[in-house]
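Here is the structure we will look at, set down as structure tokens.
Order of writing sets the chain letters: A, B and C. Residues in each chain are counted from 1.
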Amino acid sequence: MSDTENDIEQQVRGWAEGIWRPGIEQGKRLLATPVDPDLRIEERLARLEDIKAIEDAFRLYHIFYGGRDLEATLDLFTDDAIQVNGRGTFIGKESLRSSYEYLMTNQKFIIHHGTNVLVTLDPNDRDAALLTARHINFWVGETGTPGIVGGTYLNRMRRVGGRWLIAEQRLTFNYRTVAELVPRVVNSTAPTPDLPLNQRDLLEDWSLFA
Amino acid sequence: MSDTENDIEQQVRGWAEGIWRPGIEQGKRLLATPVDPDLRIEERLARLEDIKAIEDAFRLYHIFYGGRDLEATLDLFTDDAIQVNGRGTFIGKESLRSSYEYLMTNQKFIIHHGTNVLVTLDPNDRDAALLTARHINFWVGETGTPGIVGGTYLNRMRRVGGRWLIAEQRLTFNYRTVAELVPRVVNSTAPTPDLPLNQRDLLEDWSLFA
Amino acid sequence: MSDTENDIEQQVRGWAEGIWRPGIEQGKRLLATPVDPDLRIEERLARLEDIKAIEDAFRLYHIFYGGRDLEATLDLFTDDAIQVNGRGTFIGKESLRSSYEYLMTNQKFIIHHGTNVLVTLDPNDRDAALLTARHINFWVGETGTPGIVGGTYLNRMRRVGGRWLIAEQRLTFNYRTVAELVPRVVNSTAPTPDLPLNQRDLLEDWSLFA
């Protein structure tokens, strides 16, 4: 391992050792630094808008990823973004591109449930923030058994050119259970709809049973 | 199919074709239209309040539905609301009433987990907004096997008389797995509570085992 | 049962009878009391900040609990907090301490997914608020079978010394299904990461397979 690789490894270990430690630190820091009551109205409003924009970025990540829009997904990261996931550490946008290309190619259908989103703004850097969250996802691959997996997120966010981007991301996958796609069941005792058009007509072929 | 039905079908297809397409469009539009920095404070504040009110409406939908309050549930929709679900397309409040009456009658117990709520305000219409979300729900019917089902939401919201209502709603149910009601297990090594009153005493009969 | 115990039992029954009733009341009250348009900007902003702070407290509860930080968890409650859970009613911080000590000691790993958070401020008391939510959690105990459990939350919040604390909390556990920790699977066709460091290296021993 080169000196640079060692540096990055130490840096990543520094912010991500242990699932809960970064969140606990985040929480204690938040409680220790209440919003300054002398802040101007404009600044208080900008804080709420920033938090909303960062929450939105987390929602967009799951939409673009679920919809297999590779470019839109990558555009949510900084050029030098670092991601640690179950397979290893990916550094920089080209490395992330090959990882997401692989994931999206093998992904037949996915629904991410991102929960417990907590955003805290860095009191010393207006362009830095931390987002922690949890996830529980249904996944069907081109191969393998469909199922539900769950775990945690930690995103270090950075504002670049007015947009909040993911600069560092740690994902963990910690548990799983089985699940299956919903079959085409029609309940004949239900009220008759006004039009036959239903969710099946509105979905892409790849999301349906063969 | 009449011309009107054809029009509605085309309209519904227009906004709902594909699970992810509307969300991807929503996300790209959001990124392309950042909040105008010249907006007055009052307007910026009103935006955040509107977003909160729309998120609240989504929460109320699941509370009223879970609690089987038919009137309160229907009051969250516009009079001419359209809903596309797994069974077909329902148009107008009376049509929705018969659908929810059917659903609530057959529903012994339900807990909805609504996640990934993303609200975007229409930049050209102060009374229009879009909400996308995902859901994962535990359900026990009067008949059938209890289980967990999950899928997606797309709500077109409209402000009517100062309240944000659902004007168009698309629900998809995409996956499922088995689950069961929690049995009455008492762990004898746990600390003794100060009062015996517990969740079982607080629940309606219909949510308990027979 | 003493008179005091009877009083507390009546009080708890009063706010918690039925899973959905408190949420339905909360929702109807919210719809009946829209934000006063004559409120000053400062007050409207303070409302949004209060709601955010209460949502954050709910997130912190799950982080501190998941990370088994007993003191930080207890610090989120008022000194005379009441909690009703599946085992009974716990009154006061020392009673809660023994309950959480028991829970954390027997908890090998937990991920809480808190969803459907709805916060409403008391229009008649600036230091009181209500939070309702649902939860779905993966849990591995020192003994017993790992699994997913789900249910509901109702937190009465009180501002004490500038911080929003839990004054009364009702938790219900209503459903469950099986799940397991994710095993160490390596997919050999995936892109090679830039560094081998992965989520397994970043986790505490106790969260891994033996």
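Just so it is clear, a residue touches a chain if its C-beta (ideal position, glycine included) is under 8 Å from a C-beta of that chain, and two chains touch if they have at least 3 such contacts.
Values in this document were obtained by computation on a predicted structure and should not be read as measured data.
Novice: What angle, rounded to the nearest 5°, describes the rotation that places the Cα atoms of chain A on chain B?
Specialist: 120
Novice: How would you label the chain B and chain C contact, same or different, if same means the shared numbers make up over half of all numbers there?
Specialist: Homomeric contact, different residues on each side for the most part.
Novice: With chain centres defined as C-alpha means, what is the inter-centre distance between chain B and chain C in Å?
Specialist: Chain centres of chain B and chain C, defined by C-alpha means, are spaced 22 Å apart.
Novice: Please list all residues of chain C that touch 2 or more other chains.
Specialist: Within chain C, the residues that touch at least two other chains are 41, 45, 48, 113, 115, 136, 148, 177.
Novice: Which residues, counting only chain A, touch chain C once they are in their complex?
Specialist: 1, 5, 8-9, 12-13, 16-21, 23-24, 26-28, 30-31, 34-35, 41, 44-45, 48, 51, 84-92, 95, 98-99, 101-102, 113, 115-118, 132, 134, 136, 148-152, 170-177
Novice: Contact residues on chain A for chain B in the complex?
Specialist: 41-42, 45, 48-49, 52, 56, 59-60, 62-64, 66-69, 72, 75, 109, 111-115, 136, 138, 146, 148, 162-163, 177-182, 186-187, 189-204, 207
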